[in-house]
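Pasting a structure here, questions to come.
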Amino acid sequence: MPFCDEQLTRLKPLWTRMLGHRFLTETRDGAMPDERFAVWMRQDYLFVEAAIPFIAALIPRAPRAHWSPLAGVIAALEKELQLFEERAAAVGVTLRGTPAAFTNHAYIQFLMATAYRASYAEAYTVLYAAEKAYHDSWKVVRAGLDRESKWHPLVENWAGDAFAQYVGYLEGELNALAEQAGADERTRMGEYFELTTKYEIAFWEMAATGEDWPGCNSQ
Amino acid sequence: MPFCDEQLTRLKPLWTRMLGHRFLTETRDGAMPDERFAVWMRQDYLFVEAAIPFIAALIPRAPRAHWSPLAGVIAALEKELQLFEERAAAVGVTLRGTPAAFTNHAYIQFLMATAYRASYAEAYTVLYAAEKAYHDSWKVVRAGLDRESKWHPLVENWAGDAFAQYVGYLEGELNALAEQAGADERTRMGEYFELTTKYEIAFWEMAATGEDWPGCNSQ
Amino acid sequence: MPFCDEQLTRLKPLWTRMLGHRFLTETRDGAMPDERFAVWMRQDYLFVEAAIPFIAALIPRAPRAHWSPLAGVIAALEKELQLFEERAAAVGVTLRGTPAAFTNHAYIQFLMATAYRASYAEAYTVLYAAEKAYHDSWKVVRAGLDRESKWHPLVENWAGDAFAQYVGYLEGELNALAEQAGADERTRMGEYFELTTKYEIAFWEMAATGEDWPGCNSQ
Amino acid sequence: MPFCDEQLTRLKPLWTRMLGHRFLTETRDGAMPDERFAVWMRQDYLFVEAAIPFIAALIPRAPRAHWSPLAGVIAALEKELQLFEERAAAVGVTLRGTPAAFTNHAYIQFLMATAYRASYAEAYTVLYAAEKAYHDSWKVVRAGLDRESKWHPLVENWAGDAFAQYVGYLEGELNALAEQAGADERTRMGEYFELTTKYEIAFWEMAATGEDWPGCNSQ
């Protein structure tokens, strides 16, 4: 079985938990308060921005054939940031000025540490798993979202066909990397897949609860 | 004012919150259940182990005069691991086999990402702040701990004179690095100091609550 | 005095030696045999390609305001590669299939090691010095080159106005970084400037002599 | 065939060229002028020092079981530096104050760039090939060297049994890494083996000719 199918099968319970997260279902059902959604927007804006140096750090460790596609991902991330800014302006949300919440900061550190320290195939696993998670998660939201919703353009960005095609490309490349990998590296790739899924779930949890740095908010 | 004094003054409320964390006061007062302390031991064992590659990653970016002291830190960390193993054996705790909890995993990623990506002076700030936090925190515990406590040797390791001397050495070096730094870098060093303190607090919180990956335990 | 002026003054003898290198003057005067120029083309094609991961590795260590300009440099390098391919096709030179000569390999290692290990301002110094060296060197060639020369489009690429503007932008940014740097870092930036100039001279020397790996060619 | 045997067979002509280099044979035969040998000593002192950050950079990318052995290599390199200093003092050579020659600088950049950018197995290949090259090269010298030679302690350091044992350990580990590697990675490991051998030959050539930065000395 190709690596991605194998992992998505192995991690089915975790993946299902992610797709059923109340942040997604409540957004889908129009039950998410605007201010709570805005909290997510501000954090995700920071996360998308932080993905740029992650992708850049992959390039020197990537095979030559991946350099241009990865540079293309950087350009796509810059466009995503503009989409956030356009949406935020349209609905009156102030995007900038909020520091990264704990889970967001942690996830960003995980991206960067992996880009530098892990093997390229391991780091590419994180890239794929994060993008696949976003695609599948926002498809859950799109399935029930009012098309007139002010969040629709953001949802469509990740749930739509262009993003699906991009995720499909990543999947093919990751399967090829996994085929070239030795048994130990392939096992570690699976561990990175699982870790990324857990960070994704933590991210939805942060968005739903408004969590911040542990031990710093409570009195 | 030297950089470290300046930061410890600026971050006093955060530092005080850290030193007053219930994990420390309850351990000091003998009110910490053994099983809860064992949870901390297993996590901190993983963290100390993970500090080895963090220190190693600093060496290529350090001035020549820091190479031997940093290699000495690696040796000291290996000894700390032995101390954990010796204590664990003495009290019947199984150290190995537990995966890193969320906050622990996140903190380790922060160390590694910083070692690779930040300037050397910024990364050295993280090293100092983490060691200073440990020294001060365990001095809180030692102040009231029964000397016959089975945890005493661990507490003494960080609260004792040898560690105090090491922290003093780091402080002198960090102050010197800050003096050489430009204004912008010095500001970023302060941000890293604050972030490290917040990760330290999150670590005590994790130890006190037995928290695990957000959104993965509930149900 | 701004940092770049200061260094170009300090390193004047070295810079003059570079600009007077016979590879440049003979190319300018139409005295460079095609096959020798083709040797340079093949090596420089490899070097331009290798500059892509160098730039990518800078992004995660750069201030946010540099991310887009650096991504723009990657795009410009891809265009330079196409220019090489177009020129090579036009004059019947086979670009690919030649391994990096010793000096070329070494220079590429210097770029990558610096991107990862040095401070950002130090690594940016290498970027500026290399681009400034190219601009000035090819202006020497352009000054006397027959405009009908088949090499003219390549020469114009680096000697022309667009490239001049780009080098001017880098100069402004590097001067700003140097102003923010402490005294020690500024000294090291000067050392990197000098080293880069020496690698540039070595590169022209390699092109002029057809040098390969030392001790490997002689019988 | 184990990876190391396979490579040493494949690269036999290059390896033979290295072992027959006149720097080695003339040193063996007592025909090497002291001042020429001192040039090598000063350069190799810089190279051994630069190997410390190379080894340190490997640790975060190494499997856990390699951390202590690699820390041990750092300690061994510090001892080698002391041996150089002791020998230099004994024979009246000033070790410090000479900048790295071109080939030396280049080789050091190759080490660092590889440690950061290549896979761990590829970087470990460079470590093994460099140490194996030193062991075999100095055995050539020891075979004919007067035991009363003032250089004997240096020669013995790399030609002796302790170093042989260390090289044997590296060989076993590298063979194991190669067995775990996929086909593409294994091919790249072979390329790194070859490159390292070529840098070693270039190093002897530099020592024999007193070469410096190309294009900078002539006139």
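Letters A, B, C and D name the chains as they come in the text, with residue numbers starting at 1 for each one.
Methods note: a contact is a pair of C-beta atoms (placed from the backbone, for glycine too) under 8 Å apart; a residue touches a chain by one contact, two chains touch by 3 or more.
Being a predicted model, the structure only gives us computed values, none of them experimental.
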* To do: Working from the CA atoms, figure out how many degrees subunit B turns to land on subunit C, in steps of 5.
  => 180
* Pick the pair with more C-beta contacts: A-C or A-B? -> A-B
* For subunit B paired with subunit C, centre-to-centre distance based on mean C-alpha positions, whole Å -> 44
* Between subunit A and subunit B, centroid-to-centroid distance (C-alpha), Å -> 30
* Centroid distance [mean C-alpha coordinates] between subunit C and subunit A, Å -> 37
* Asked: Got the subunit C residues that touch at least 2 other chains?
  -> 53, 60, 112, 116-117
* Quick one: label the inter-chain contact graph as line, ring, star, complete or other. => complete
* Structure fact -> Contacts from subunit D onto subunit A in the complex sit at residues 60-61, 116-117, 119-120, 179-185
* subunit B to subunit A touching residues, read off their complex -> 14, 17, 21, 53, 102-103, 105-106, 108-110, 112-114, 116-117, 195, 198, 201-202, 204-206, 211, 213-216
* Within the complex, which stretch of subunit B touches subunit D? -> 49, 52-54, 56-60, 64, 67-68, 70-71, 74-75, 78, 112, 115
